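The chains carry the letters A, B, C and D, assigned in the order they are written, with residues numbered from 1 in each.
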Amino acid sequence: MKLSYNTWAYSSFFVWVPAYTLDDTIARIAKIGYDGIEIGAAAPHAYPPHLSADRRAQIKDLLQQHDLKLSSMLPAPSGGPGNNPASPYIEERRATVEHYKELAEMVALWGGKTLIYLPGWTIFGTSRRQAWAWSREVLTEVADSIAHTGVTLVIEPTTHDTNLCVSADDAIELMQDVNRPNVKLMFDTFHVLWNHEVMTDYAYKMGADLKHIHMSDNDRLPPGRGVGDWPALIDALLDIEFDGYLTMETGFHRRGIEPDEDARVSLEFLRPLVAEREALRGIKPNSK
Amino acid sequence: MKLSYNTWAYSSFFVWVPAYTLDDTIARIAKIGYDGIEIGAAAPHAYPPHLSADRRAQIKDLLQQHDLKLSSMLPAPSGGPGNNPASPYIEERRATVEHYKELAEMVALWGGKTLIYLPGWTIFGTSRRQAWAWSREVLTEVADSIAHTGVTLVIEPTTHDTNLCVSADDAIELMQDVNRPNVKLMFDTFHVLWNHEVMTDYAYKMGADLKHIHMSDNDRLPPGRGVGDWPALIDALLDIEFDGYLTMETGFHRRGIEPDEDARVSLEFLRPLVAEREALRGIKPNSK
Amino acid sequence: MKLSYNTWAYSSFFVWVPAYTLDDTIARIAKIGYDGIEIGAAAPHAYPPHLSADRRAQIKDLLQQHDLKLSSMLPAPSGGPGNNPASPYIEERRATVEHYKELAEMVALWGGKTLIYLPGWTIFGTSRRQAWAWSREVLTEVADSIAHTGVTLVIEPTTHDTNLCVSADDAIELMQDVNRPNVKLMFDTFHVLWNHEVMTDYAYKMGADLKHIHMSDNDRLPPGRGVGDWPALIDALLDIEFDGYLTMETGFHRRGIEPDEDARVSLEFLRPLVAEREALRGIKPNSK
Amino acid sequence: MKLSYNTWAYSSFFVWVPAYTLDDTIARIAKIGYDGIEIGAAAPHAYPPHLSADRRAQIKDLLQQHDLKLSSMLPAPSGGPGNNPASPYIEERRATVEHYKELAEMVALWGGKTLIYLPGWTIFGTSRRQAWAWSREVLTEVADSIAHTGVTLVIEPTTHDTNLCVSADDAIELMQDVNRPNVKLMFDTFHVLWNHEVMTDYAYKMGADLKHIHMSDNDRLPPGRGVGDWPALIDALLDIEFDGYLTMETGFHRRGIEPDEDARVSLEFLRPLVAEREALRGIKPNSK
């Protein structure tokens, strides 16, 4: 099983400082020992309007030099542009469609296969059915537009952050409603724990459609530092033959976190655990 | 002394839900009894690229209908676009200049006079002097470009969020370096308290150049709910003849806050306190 | 990498009791196993006006007898004399210049190479630019006056204690402004952690100009007893080829701390950690 | 009963920032409504070597202009010079004698009558009897030297800070040993509470010899904010016909305290309490 680290902790989203260039971030994450990197589309790293073709080519080279794979990308929701596919404002929904399309191009350029889709949230005054319909439209249009890229969109339910697609069931239903071959599923353990649900339930429910996962203990602590049942989760992922990246999405939520430490601590906890659970099934560990 | 409420708590910045339309937000803030509203340039409220001319006119009407004055506006920093004037990437700095220019037009259209300038933060690898130079250039260009609007930029030092302009001294120096008649000062009490400094020191240091203020107790609690010495601050503002808006910037930092309650609690604490301190000087209270 | 212990915990600064003679302190610190000692210029240890030539010679002998190297010295700021180079009172600034010159003579006499320079703090009513100018003048004059001693001044930024030179950037700028070969840099991990910044950032930013370091976990706990990421810091210091003393500055901030214990606990944590990190790079550990 | 405020909170002793000039401090303390001010001999306020004759005259004028009486002065112990009368080093003891003599001259010049004597602390290796003898010698010499000034030395026992003269009994014994008409007593409620003793016991034991008092709740909180039994203490002071100043010595022990607030809160608590207790005895309140 491969490990990836999300770049928020090194960027200015959510917390503005400390922040490092994407060059620095790639070097550090690779040095710490990760297989992959999940790049968030936020300044100063990867906000599409800020990246020239040359810069995009440069990033591609950096990834290769450091032998770091792009596990995935995702937009930075909210903030100025919002990127809420369920917004009552058509301007925001249109801009969100275009943003996802740009991101898919970047994912493909950098050799990745996975783009996280955040279904959005209802603004008070919008019925949930209307918001759902809008989000489904956006997702469908994006999925069709990017079919040529080979990139798969993975729907992320979020309990703490939103109110539209919050559970495994919600995500499954949205995937079914959209019904496209390049639309699959993911989940984020932080959100499962925040809503006091069971992490393995999500794995088994999503099954073969689970293509990506965000790993975080409660309170955005690195996995292993909180209450999550990590051995059980790894076993469940092995059961369903999950072959995506275990991607840490931690260390970005408050001032005072050292990103390198956050990344290292997660790796030091998960690598041995994954190796141990795999060994029990006769699977050789990932050699990196 | 007039009271205003910042819209973050009703928007999707920082926390995505709950979120209300700007229409709803204006109505609620007016109903609670505020004199003014500080509109943050975030979806779903006021991200310039999403607002057509008609929509902008509509918002102007809404403010008038509800007898709510636009005290100020500010950008939503970080997130996707960043809006960091000290970014090492010229694309981000140029976009930030344009963003501030657009915001100044919106402030003027809606009858306001104050636009908050966030000087930005250094990305690791950029020297502080270089970051300062970039920020000064952006601020100078923006100030000159918007001179015709009658809008004043107010520099906000932030200890918790940034590392470039963090103290009263930093803000004063930046204002002096830029040296434009439409560039003045503000401060945010949350940041003063976070750095364990004295709120009245900021008021006295900034003196006649202090045109705006963000009010928040420690930990973004409504004023009065924490350790801040509010009587002393009001007295200091009266001493320096501050004539801007006391603007609450609270209630947006975590899930679970009810925006109306946050707004109401602050007003219920500050109105009587302001009236009491003004009465001691023979000043009649604001009649709203 | 060599370890040193600062004498505050054994002196009457900050906390008056318990207090030990410098003779006693040297013996204890040597016995615990330190390579060096950092002597603070406070009674009853090393306040220059109290030390006759004979006493100074005696201290030199004591250091040699106990095979303890003088890693550094520093003044006791504030208290009666203040020693604030940014004081608005010329009497205090002149006295501070003379004090640093005396300390440099003592450092040289006792075989040391490093004297810590505390840039001072602004008194309310002094602009930060004026305070900076005064501190720069003091530092420049001291640097030139002591050029013959072979002692290097190291600028210490302090977030918790001051408001003039608080960050790595501030210290770097002051060093650049003064521009003397015998003026370099240091940092104190307590201050980095207090301001919720990243310790390794300071090391990398200061690079080859980093000549000294104060080690302390959050809240002046001995390294290892708090939240600091010590492996990462040691690695960063090895990366930049730091060849100064890791100097503990702990145990002095409240009544009830046993100095010997504070010294021993830090050593027991750091010696093995340093050895481990050095071994990973094929460096033989310090033999003491 | 008259109220005074000690200047440490406005100085750089113990905590370096925030700090205000003595001019500013006198103005603020007077404005808040105090009868008197207790000036600590620390930079940037009143370190004798830094004060020219002109400056001393200026301070005298400032006190008169603001109608603020000098209730007392005290040295800043420890730090560089130590000022420990029980020091094993004769240089420090001699310097301490001279320092107290200078302070007495300043007290007299500024119209005060009270100078606090801190008996000092034993350095490990000095027997308590030897330390006591040294302190008694210093106190005796100082008392005789300043007899012409009309200033009374008041011995302050301190439990938290020292180990030589810590209780009411210690102070009484030292006064008896020295046996001079201008050597009397005081106590500090913080130290009484810290050692879990009874405040009124100190008042009754010291009786007519009690000429001064430091007021502080536990943990250096302003009186009224902690566990101290203030009505009982005021009653006891009235019983013994105490006619000195109730002098707050708070607000100086950690970063983050706003001095004006600390001063104001104490006054707002004590004035009404004193007036109430005095009224019960038919004493008219102090008219300031």
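Keep in mind that, in the parts below, a residue touches a chain if its C-beta (ideal position, glycine included) is under 8 Å from a C-beta of that chain, and two chains touch if they have at least 3 such contacts.
Source: prediction; values computed, not measured.
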Key: Residue-number overlap at the chain A/chain C interface, same or different (half cut)   = different
Query = If every chain is reduced to the average of its C-alpha atoms, which one ends up farthest from chain B?
reply = D
Task = For chain A and chain D, let me know how many angstrom lie between their CA-based centres, rounded off.
result = 62
Query = Hey, how far is the Cα centre of chain B from the one of chain D, in Å?
reply = 45
Note = Between chain C and chain D, the Cα-mean centres are separated in Å by 32
Task = Return the residues of chain B touching two or more other chains; collapse runs of consecutive numbers into ranges.
result = 122, 124, 163, 197, 201
Ask   = Which of line, ring, star, complete or other matches the graph of chains that touch?
value = other
Task = Throw together a list of every chain pair that touches.
result = A-B, A-C, B-C, B-D, C-D
Ask   = Which residues of chain B touch chain C in the complex?
value = 122, 124, 127-129, 163, 167, 169-170, 172-173, 197, 201, 204-205
Request  = Going by the contact rule at the top, pick out the chain D residues touching chain B in the complex.
outcome  = 17-18, 255-256, 258-261, 264
Query = Within the complex, which stretch of chain B touches chain D?
reply = 196-201, 229, 232
Message = Considering only the defined contacts, which chain C positions touch chain D in the complex?
response = 12-21, 24, 41-44, 47, 49-52, 75-84, 87-89, 91-92, 95, 99, 121-125, 160-163, 255
